[in-house]
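Presented sequentially are two complexes of chain A, the first with chain B as partner and the second with chain C.
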Partner chain A sequence: MDKLESIFAIVTLLTYLVAGCVYIWFLITRNRRAANLATMLLILGLFTHTLSLGMRWADSGHPPLTDSYESLSLFSWGIVLFYLITERIYPIRAAGAIVVPTAFVIESIALVLNNGPEPLRPILNSGWLWIHVTIAMLSYGFFALAFGAGFFYVVQEYLLKKRYQNVVIAFALMFAAVGLAVGIWMGFEWANPSEAVNAAGQYYNQYASGDVYKILGAGGIGFAGLLFLGLVAGKGASRPSFANRLPSLDVLDEVSYRAIAFGFPMVTIAIVTGAIWADKAWGSWWSWDPKETWSLITWLFYGAYLHTRLTWGWRGRHSAIIAIIGLMVVLFTYIGVNYLLPGLHSYVR
Partner chain B sequence: MAHAANNKPSIERKASDVMFAAIVVFSLFALDVYLSVFYYRDNGVHDLSWLHWLLAVLDIGVVLAVLWASGKRVFHTLISMKLAVTLLFVVAIVAVIGTILPQGDDVLTSDITKSPLYHFYHSLGLFNVYQSRWFLALLFTLVLSLILCISNRLPATLKHTFRQMIDVKDIFVANQPQAAAFPGAGEAGMEAARQVIRDHHYRLYQRKTGSVLAERGRFAPLASLLFHVSFIFIAAGALLSSQLGYDESLAVPDNQMVAVPNTSLQVINYQFKMEYEGKALLKNGSIVPVKQLADGKTVRREDGGDISQITQVFDLQPSSFISDIQVFKNNRPLKRKSIREGDPLEIDGANFYQKSYDYDQTTGAPVSILEVNHKPFKTLVYVGGTLMMLSIMVALYLPRRRIWFKTGEDGQLLVGGRTNRAKLGFERDFERIVKELRLKLGQEAR
Partner chain C sequence: MHLAVFGINHKTAPVELREKVSLGGEQASELSQRLLGGSRVLEVVPLSTCNRTEVYMVASHPETGLKEVVAALSAIGGVDPGELKRCSYFHEGDAAVRHLYTVASSLDSMVVGEAQIMGQIKEAYRRAHKQQSTSVLLNRLFRHALEAGKRVRTETAIGENPVSVSSVAVEMAKKVFGDLEGKTVLLLGAGKMGELTATHLLSHGIAGIFVGNRTFSHAEQMAEKFNGTAIPFDDLTKYLPLADIVISSTGATRYVVHRNDAELAIRRRHHRAIFFIDIAVPRDIEPGVNDVNNAFLYDIDDLSEVAGANAAARQKEAKKAEKIIEEEVESFTRWLSSLDVVPTITALRAMAEEVKEAELAKTLARFDGELSEDDRNRIEAMASGIVNKILHGPTVELKRASNERGGYLYVESMRRLFRLNGHKSSKMTKKNID
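So, the complex of A and B:
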């Protein structure tokens, strides 16, 4: 990794950390100047982030989309960018307290997984691929936004109904789930499997027998650690005044919906361009490879979400819960498939 | 299908009708069973012959016929969007099975073959989920429900898109979800409205007299319909291509002529080569990614740097496969080309793709594996895919927003608007327009 590039990456990480703290401070104190400071910091972070990604691009000679570090870093870049845009349109600055720390965590994971630039297999160097991956990442960013808005919808509803116990449970569950998922993910990385090729010519990861303890252990640590954090955050949020600091139910519902309505065409484009590219490369537009199938599942799922609003008139909590489950499907498609299911896409890791 | 609860009472039937229904159900079922026996005796479970597709369609037919005979409003259920949405969820959930269980040839190397129930699972199609009868039947039902929903909505959508409601009554404007009124604004109000709305990127429509319609995203509802149509294009194109074309995976050893099954084409592979990628240690101790070209000697640095600095190359892995092939028709030589992944040879509608490689059982030499296919309805799939991308963008990024302006009987300016999605965003837009209008009218009155 280039020295200047890593300096920018670390500056980005620190800026996101500080910005996240200021956003949380804003959430607690409602200090307007804190909010402005947080936004400014975030813009600065986005700037250095852009620089580091740009240098990575110049260094490797291909857009930063091919390995875990690059795609994750771009993912957190997308989250920050879209959060800043949304912040301009809707009064949801309080959401920064959760969005920015999320971007920070993703960028940290990216830096942990960084192995320096890798050569690119020629098959991957195609205009279709760049469109395919970029748009897929952008759509994930929108679905993450929809998830955040959906989560706060549920919290806000409990706050307004004064069911504070449920607020704590919601926070604890969400944090613990994130901790478990990230822990297991890091466990898979820690286990460091060897790459093997099966009879059908597909790449898959081969794990040693002790690896399961590493994976479960890391998952357990992540789960326990973030469960505790979630309980603390939930306890802190269980106050009547917190309801005033969150956007209104209507705004949260619409942000969640519009994020999905923005992400859905992108997933469509990602799937279609992926199929076109596969057809040009291998002569088959659809091979039911796990990644393909899971992206189809994601697509059907969000397609169903959009329809439930029309046919059953679902709004509010129902929609919020679907948006929350939706991100789990997205994350499995994005990360889980690479580790757990063999297929054509595994070289992307 | 029982989930689509029918509140309306079942259809009353005469005895003769019941008899007729029973005969239809029985004959469809008998045909399904007869063909199934025939099919499973003569073909494998994997086989994608036309019979396979016919059976999937027949299976739906039997289910629908039974529902119909038992007095359910089958058409009513099929045409409702509720069925389509439920099917979307069901297909999504069922598709998961195929990503968990080993599929196709993978199953032969997995432990599941040792299970005593292996053959039972196999006959259920669990190891070929996406080609199984029941999955195809599910997809067909989805397409059928889609076609019916589309035809149901098509006339109304066309009417609302191409016959805009420009001349409307006062009460229509006042009753819109978003509405405002400016008493005593008169004709000046209409002029102000026209100016304000232009800055908001709406298109204005007006006939000689009466109300003005300001509209944005006029084609969103039509695009939403076209999006669903594109789904049918893709399904039809893929189905027809798989039934009327061919798709073969061929192992082609160096310098041997291999016939493409069911065609008059043959192919020779003159030489199979591989490119490698790996890492190199430089004199200054740093490690850079490198590529070794197909000649097996030339090394190139990915960063374009000086190769004389390289002291050692390691971690080499095959990255690209190249076959120098020539295609023959009835043993007459045609085109020759060096193909690699992503760069196929195309001739007479047939495509020769570099797929992967395998090792020869006896000599141990790498053997190139080619994918040869012909998809006669490829264009239909590509048109469907393009339509799908374009229409969904129009449908979701350019939602339809309409605002009507009308001077009422008592000289007041009536403003009313509606949208087809994202209500809050439109509300903000509407409020801003009303605010600007109020400012403008206030200033002009002064």
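So, the complex of A and C:
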């Protein structure tokens, strides 16, 4: 990794960390100066993030979309960008307390996984691919935003219904789920599988029993650690005055809906461009590769969100829960598939 | 010149006295005219709200200022001066500054953190300014106080959480709908609290209001008051789906709105939320309504619990606010002390003396021993004479200005023209005075 590039990457990470803390501080104290400071820090972070990604591009000669580091880093970049835009339009600064730490975690995972730029496999060098991956990442950014708004919708609704225990449960569950997912993911990185080819000629990873312990262990640590954090945060949030610190239900519902209304056409384009590229690279539009299957599931899922909303008039908590589960499906499509299911997309690791 | 405030408020005086000396626009200007006519009071801003009547002033002597303000106020209000004085407070200098800042930050209000006081101070100051009863000092004080109040509002959460039952209801409704613009209210019953809450909601842009009452004529009367529509009580379930907010305060002994009514209504309105406010005792709305998806129910206990918790939170914020006020008071009094006449004259003299010495030294060095002791003395005497003659006028004028209305303007101009603020000798003299 280029030295200057890595300096910018570290500065970005630190800035996100501090900005995330200031957003949380803002959520607790409601000090408007803190909010302005947090926004300024976040803009600064986005700037250095852009620089580091740009240098990576210049260095490798291709857009930063090919390996785990690049695509994750771009993912976190997209989250921050969309969050900053949303903050301009809607009064949802409190949401920064969850969105910015998420971007921080994703960016730090990206840096952990970074192996420096690699020479591009010829199969990946195609204009369609750049469009495919860029648009997919943008749509993920929107879905992450919809998730954040959806989560706070659920919390705010419990607060307004005076179900304070449920607030604690919601926080604990959310944090524990994130901890478990990140832990297992890191466990997979830590494990050392051998690559094998199955009868159908597809690549897949073979895990030894030692690897399974590593994966489960890392998952357990992540689960327990974040469960504890979630309980503490939930305890702090479960009081009447916290409702005043969160945006109104109407705004949260609206933000979640708008984000998905933007993200859905994007994921559609991503699937279509992916199919075009697959046709060029593999000679087939659609081969039920796990990544393809799960993309379709994601697409159907968000399609269901929009359908229930527009034709059945669903809104509020039901929609928020779909948006929350939706991001989990997205993350499984994006990450889980690579480790668990055999298929053609395995180069992404 | 002395800055001072005389006043009574809800903590020091009973309402009977407060309402007598409460000053309307005309009475306020009458008071200002009286005080300024006496030539001992140089600037005045009267501030009168429902809980306080205060007179901020700049007087040549604080005691005479106090005497005159008590006389004028008791004459206008028709009260006994002794009683007025007994129920009052009087602050001078820094304490007066701190008092205004505390009032502007609404720490001194009956409801700590209420938002109206800033507007009332702004209005009182604007009026006084228009009648030219203020000058440099009070102009600066009031502008600074309003800024301090604003700083407290933005940097602490003192005004964030409502503390009265009806405003908690409005705030909670806002947390559901975001904006109350264009929403519809259904008011059931004729309870006073229900009416109050409806009034509060109407001031937030409510589009329409339906009024239901067992006695239709009562509903009509109330509807007329709110410019709304009276509905027959038996048609309640028909109107429920049209309402975003339902306020209930009937005298019924059984539930008026049941859980299945709410369920049906919300389904009819395509899952859009309904906010139920039940202020009646015994309750009008079945508690199970809160379990219905997208229905939110607050009864009187819920609302007062939130109000109580919020009041406690405000007390905590008030501590933070006091720190901010201290900072702001310090910054103002620093400016104020720079306007004292004596240190300004000292600084001016020191500056002139320094220039004189430097120029003398330069000139005498050129002669290099050609001059006799007598010649040297003559030259020095001439230099001192020029300095003293030039400074005589300004010194006398400054001393006189200190007892005149707007005299601070001279001090400030003097400091600016002769660059006394950055001057090292002026810093020294300030230190000596401290």
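FYI, the second predicted complex is superposed on the first by the 349 of 349 C-alpha atoms of A that agree within 3 Å, B and C clash if a C-alpha of one lies under 4 Å from a C-alpha of the other, contacts with A are read in each partner's own complex, and residues count from 1 in each chain.
Going forward, a residue touches a chain if its C-beta (ideal position, glycine included) is under 8 Å from a C-beta of that chain, and two chains touch if they have at least 3 such contacts.
Source: prediction; values computed, not measured.
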item: Joint occupancy of chain A by chain B and chain C, clash or fit; value: fit
item: Cα-centre angle that chain B and chain C span when viewed from chain A, reported as a multiple of 10 degrees; value: 120
item: Partner chain in contact with A:Trp286 - chain B first, chain C second, else both or neither; value: first
item: Partner chain(s) touched by A:Leu249 [first = chain B, second = chain C, both, neither]; value: second
item: Partner chain(s) touched by A:Lys161 [first = chain B, second = chain C, both, neither]; value: second
item: Chain B versus chain C as contact partner of A:Phe301, first or second or both or neither; value: first
item: Chain C versus chain B, contacts on chain A by residue; value: B
item: Partner chain(s) touched by A:Gly316 [first = chain B, second = chain C, both, neither]; value: second
item: Which of chain B and chain C A:Arg239 touches, first, second, both or neither; value: second
item: Shortest CA-CA distance between chain B and chain C [superposed frame, angstrom]; value: 8
item: Contacts on chain A seen with chain B and repeated with chain C across the two complexes; value: 250-251, 254
item: Chain A-facing residues of chain C, complex; value: 154-157, 160-161, 171-172, 174-179, 270-273, 290, 293-294, 296, 302, 305-306, 309-310, 313
item: Complex contact set, residues of chain A against chain C; value: 29-33, 156, 160-162, 239-241, 243-244, 246-251, 254, 313-318
item: Touching residues on chain B, where the partner in the complex is chain A; value: 81-82, 84-85, 88-89, 91-92, 95-96, 98-100, 103-106, 108-109, 130, 238, 247, 275, 277-278, 289-291, 302-304, 319-320, 340-342, 344, 351, 353, 355-356, 358, 369, 371-373, 378, 381-382, 385-386, 388-389, 392-393, 395-397, 421-425
item: Of chain A, residues touching chain B in the complex; value: 59-61, 117-123, 126, 198-201, 250-251, 254, 257-258, 261-262, 264-265, 268-269, 272-273, 275-276, 279-286, 288, 290, 293-294, 296-297, 300-301, 303-304, 307-308, 310-312, 337, 341-342
